[in-house]
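Letters are used for the chains, namely A, B, C and D, taken in the order the chains are written, and counting of residues starts over at 1 for each.
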Amino acid sequence: MATDLHAFGKSVKRREDPRFIRGKGTYIDDIKLPGMIYMDIVRSPYAHAKILKIDASKALALPGVLAVITGKDLDAYKLAWMPTLMSDTQMVLPIDRVVYQSQEVAAVIATERYIAADAVALVEVEYEPLPPVVDPYKALEPDAPLVRPDHADKKTNHIWHWESGDKARTDQLFNEAEVVVKEHMYLPRIHVSSIETCGCVASFDKVNGKLTVWMTTQAPHAIRTVFSLVTAASAVGQIPEHKIRIISPDIGGGFGGKVPVYPGYVIATAASVLTGLPVKWIEDRSENLQADSFARDYHMDVELAGKRDGTITAMRVKTLADHGSADAAANPSKFPAGLFNVCTGSYQIQAAHIEVDGVYTNKPPGGVAYRCSFRVTEAVHAIERIVDRMAQELKMDPAELRLKNFIPPDKFPYKSATGWEYDSGNYPAALKLAMEKIGYADLRKEQAEKRARGELMGIGISTFTEIVGAGPSHTFDILGIKMFDSAEIRVHPTGSAIVRIGVQTQGQGHETTFAQIVAEELGLPVDNITVEHGDTDTAPYGLGTYASRSTPTAGAATAMAARKIREKAKLIAAHLLEASPDDIEWVDYKFQVKGAPGRSKTMADVAFAAYTNHPQGMEAGLEAVDYYDPPNLTFPFGAYICVVDIDRGTGAVKIRRFVAVDDCGNIINPMIVDGQIHGGLTMGMAPALLEGIFYDENGNIQQGTFMDYLLPTSMETPAWETDKTCTPSPHHPLGAKGVGESATVGAPPAIANAVVDALSHLGVTHLDIPITPWKVYEILQAHGLTEV
Amino acid sequence: MIPPPFTYVAPQSLPEALSLLQQHGSDAKLMAGGQSLIPLMKFRLASPKYVIDLRKVPGLDTLEERDGHLVIGAMVREAAIEHSPLLQQRYTGLVEASEVVADPIVRNFATLGGNLAHADPANDHPAMMLALRAQIVAASLKGQRHISIDDFLVDTFETSLAPDEALVEIRIPHPPQHTGSAYIKLERKVGDYAIAAVGAQVTLHGQTCTHVGLGLTNVGPKAIRPTEAEQFLVGKQLDEQTIREAARLAGEAAEPTSDLRGPAEYKRGVVRTLTARALRLAAERAQKG
Amino acid sequence: MTQHVQVTLNGKPFQADVEDRLLLVHFIREVANLTGTHIGCDTTSCGACTVLVNGVPAKSCTLLAAQVDGAEIQTVEGLEQDGKLHPIQEGFYEEHGLQCGFCTPGMMLVGKALLEQNPNPTEAEVRHAISGNLCRCTGYVNIVKAIQYAGKKMSAPAPEPVEVK
Amino acid sequence: MHFTGQETINVPMQAVWDFFMDPHRVAECAPGFQSMEVLAPDHFKPKVGVGIGAIKATFTLDVMLENLRAPDHAEVKGHGVAAGSAVDFNGRMDLTSESEHVTRMDWVADVNVSGGIASVGGRLLESTARKLTAKFFANMRENLQKHSSPAKE
């Protein structure tokens, strides 16, 4: 019995799967309402242009077309602009100018999807092209065209400047340094490209004034608040928050791309409010790739100072952050560059100084996420690449250099040079395990032999530290809303329970792992626990799922709520067992009288009593709510080693092996954690070798479809090898840390380091990702090393 | 994405299809598998008023050896070529080309005929057909004619088919004894068009190359036959030095442009590499054959 | 203009008069109301819309409904037979072959078609077979295992159905 | 995209110049020319259907003549939209009289295509644009040579 109830750390099969494997999931485009009409969007072919005229007459003449909505129409309701999550502003529909290619220009409302599409082609827009700003460095030149003249106070494309660390001390250490290495690194734009695009069904009930929006969102509660605030500022008049219901149905992948509020959501909602009919809007892939939030676009100058013996002393980073036409990131409001200043990584570094400048360009707005919301991937790339660069400079093995500079296990909790307090870690253990698993020493031998024969293979290491679980309310908020998260548990009389959480699954398996937490804490079978989320009318308020925050925040809240229930249950058990509460202990998932194992009550017994026979003076029922404000962030880490072979005839890079050792503290469901790591590694490999979004000098996107934006298939993806170490978080109630993004954060530098390692004897010190065959081939050609 | 409105017709016979084609001319588009046409229509880059689906036309699914030729009907699917026991041994290059067209699912509907008639320089079969010296059988109400693949491929998306003509068959001459073929493609990922690809067919007499055919994919406005490389090889022993020189000549024959797949010079280098590799593989197979 | 399209859909006859240009995926989702078949791209790249047409996998976003008139269509909804899951469904459940579930119907149908040709495929064979279907969540590792699991299950004598709650 | 070219035309320079000053005759040289609306002698709106193979798009262009320096230098500037796509171009033409009856035309053109066509047909864009631009000037030569002397309306 007791072992049956043991739920924590078990690979419990997923509770959400039965509907998915039967094709019975409910994704946004599966939702149909009576009288539902469709919206499609006219988009700008220009990156920067004046709108001279929008002629919708031909579109309106098409049978079935109900309306064509323009920025001027929305402006009449003060809805032409909306706030971003970074307190910047963004156009919903433009009144007189477009600032990026594929920007929404007008919306067509029609009775059918096909008619709406036809009408889009019939809307005639006259533009006067304006010179676009594409390069963020040129954007800062005095004569650069202004991307945002609407910011009356700004006469430049510079958005903000942010600094972290101790400049004076850092400069001093650089001046005293025996060795200084420096690289310029560019992490290009990439796009999450969840296989389901974004969309919504907005339904406004004119009778009771209630707005219900089914939406592909990772943060339904925050969206509800934003919607209420936006309507308050509009001429529509505020829709009070209790009259707004946001529902996240099944989400076909999110990875951060479903955190922002996109113009389409707002236009569809406005259309429903005005018509009183349900309006469906579903993006196609090109719209999703060309207009939705992007990630990265960081231009980094990274410097590392150290001694000849390999001791790293200081780090200096200057970064230009290209945000496109609006700062539409989703960072905590005090962190315009997210948690980028965690870039001192896993190493003891005496001082660091980080500068980031945000810049506007004529590209889609954003700076959000690619399975990592808060710029941690950028930070990890900077440190893991520059540490390899230092090893190369010192002719030291990169593993040896890392082991020499790691924060020692006994130094935790560790205060980093930029002020973060790392909760726990054991970096040498993870790296040594990875080296052992992959046979590091033998690989180095093989590499030496192959080099002698002119064959090119490389070994790359990444020993990253993640920073997740935002976050403590003293520092972390989004638009002022503190970044706690929540859980509400009700235990029913017959010993089953429902738990509602403020976070939102997009495939991570919350319906399973959160049930496991409750089962473990309350001693109820996992199957007796229902997990609900994503409906703002029923779930408690929470900031949603991104930045690997679900387990660190809502997971903790769930455990804490369960423990509150256990406290009350203990009193009821005492009452049932006619013993003093002080004599009751929780053993093997039941309450028993100390020293009398025979006298015990299960949670089911207690639950029934809570409704049928509770102590006099005690409230009936058995439920609890917890809003968990984490005392600190959690710091998962890992050691990854990648082996690549290079084809001298084509420059093609093949990943031969990739070993990933992760440490995310205590694990709730190993099966799900491994799945997260497999997926994360694949989304780490993709931008390292395949994916990137680039614009030509006119602001034309070059990768506007899946024909050129290259998601890896099963053939490019290696068979990942994973293992774990376990260093629990000392402050998390479950000792867990969160893992969703670790692999995406840790993998790119391992691959880049492997390719550079393969070419290092040629004097190659850095390659920007994606490392395409032609980049490698040009190096081989320059050294006369190509062969047919 | 939604295609614009059009009229769909599925004629029951070739004459019926050809008269529809003659009737509607450039307003009509013939459809075999539709795997290139339908995406273009969804993006509204193609908007034919009439789509003439050949799926019901009998006799277009031939896949047989007849009077000295391998005869492939216009509606034969890539998957059928990929898995045909008839082709594995003697038409390895053709099978290898089919194996790298788009992805396995697309190949269940995509056809060799459509691949050639679409005349996309990035498509894999035109180059292989150059190597195999294939003939195209074109039909119109006026009758049939045979077009050499070299004459068939005119320019990007342009063939020598008249507006009222349909590609109905591809004819590939029987490879003589001691002939081997190969198709090698470099792509950014599965499903991608080639960065570059090379098709080769080699006939050996002893160690000497008596016949050779080469074709280059996606390094010019259309598939390219590197004539000088072919001429250089004929009558020579296929040793490394010869293969490398032929590869160099093939690289010279390429007319690549710089694009997302890489700079022109890179593509030229890839053509050299793949030409050498395709020749080695074809020669190895020829010795076995 | 409209076409009369008559198919066998998951074993049952289904017919409708539809626009000439109607895509098969919309015929299945909007006309037949089977929403297990998904749409993920515009370029025949992702395979989320994969169904079986006369037993072979097809990307239903790149076929016209009119093109499959008279054909047998199988969608994810047709995998479970009289309350009993198909082994491929069990495989994805047992091996954690899905996360968000959006690509899963296409993956399962491709897996089923593969196993009918090749009951016990190697990892390389499975990876090749699913290379026309994109998954953004799983990294493919467990999808390979799931399909191999189903292969073993199908070739095993008298397969025991696993309980999927 | 930047293109240049040269045409040798067996027509006197003045005739070439006169031809160029007649928007209707110049427009007819545009590949796929359909119709034209003339707003001013130096400002007109031709409609052209460009296409290769199955790919076709109809652009409504807005064209201005600029920096006309008779009889040997002219510039043209224009832009136009088709559903979801846009094209912008600048052209420059310089004439040199090689002999009494032979004129050399050196031309330079910058073309930018954006929107749907660029994002889908990108890999074919440059070759197509180059082809169509060259065709325009080649047509000009042919049409000029058709009439030995410029038509005087």
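In the analysis below, a residue touches a chain if its C-beta (ideal position, glycine included) is under 8 Å from a C-beta of that chain, and two chains touch if they have at least 3 such contacts.
Treat the numbers as computed from the prediction; the structure is a model and nothing was measured.
**Student:** What are the two chains with the most C-beta pairs touching?
**Tutor:** Looking across every pairing, the one with the most contacts is A-C.
**Student:** Cα centroid separation between chain A and chain D, in whole Å?
**Tutor:** Centre-to-centre distance between chain A and chain D: 50 Å.
**Student:** Find the geometric centre of each of chain A and chain C from their Cα atoms only, then give the gap between the two centres in Å, rounded to an integer.
**Tutor:** Once rounded, the distance between the two centres reads 30 Å.
**Student:** Could you put a whole-Å number on the gap between the CA centroids of chain C and chain D?
**Tutor:** 51
**Student:** Can you check how far apart chain B and chain D are, centre to centre, with Cα atoms defining each centre and the answer in Å?
**Tutor:** About 35 Å, centre to centre.
**Student:** Can you tell me which residues of chain C touch two or more of the remaining chains?
**Tutor:** Within chain C, residues 19, 21, 42-43, 45, 128, 131-133 contact more than one other chain.
**Student:** Chain A: which residues touch two or more other chains?
**Tutor:** 113-114, 121, 284, 286, 702, 705, 707-708, 711, 713, 715
**Student:** Could you list the positions in chain D whose residues touch two or more of the other chains?
**Tutor:** Expected reply: 83-84, 116, 120, 122.
**Student:** So which chains end up touching which?
**Tutor:** Here the touching chain pairs work out to A-B, A-C, A-D, B-C, B-D.
**Student:** Which of the residues in chain A end up touching chain D in this complex?
**Tutor:** Contacts found on chain A: 43-47, 101, 120-122, 124-127, 129, 286, 290, 698-702, 704-705, 707-708.
**Student:** Going by the contact rule at the top, pick out the chain C residues touching chain B in the complex.
**Tutor:** Going by the criterion above, the answer is residues 1, 3, 19-21, 23, 42-45, 47, 50, 53, 56-59, 61-64, 66-67, 69, 110, 128-129, 131-133.
**Student:** Okay, in this complex, where on chain A does chain C touch?
**Tutor:** Touching chain C: residues 11, 13-27, 29-30, 113-114, 192-197, 250-255, 284-286, 506-509, 527, 671-672, 674-675, 678-683, 705-707, 711, 713-715, 717, 719-720 of chain A.
**Student:** Provide the residue numbers of chain A that touch chain B in the complex, in ascending order.
**Tutor:** Where chain A meets chain B, its residues are 113-114, 117-118, 121, 284, 286, 649-652, 690, 702-703, 707-708, 710-713, 715-716, 772-774, 777-778, 781, 786-788.
**Student:** If we count contacts the way the header does, which residues on chain C are in touch with chain A in the complex?
**Tutor:** 19, 21-22, 26, 29-30, 34-43, 45-46, 48, 75-77, 79-80, 85, 89, 92-94, 96, 98-105, 108, 123, 126-128, 130-144, 164-165
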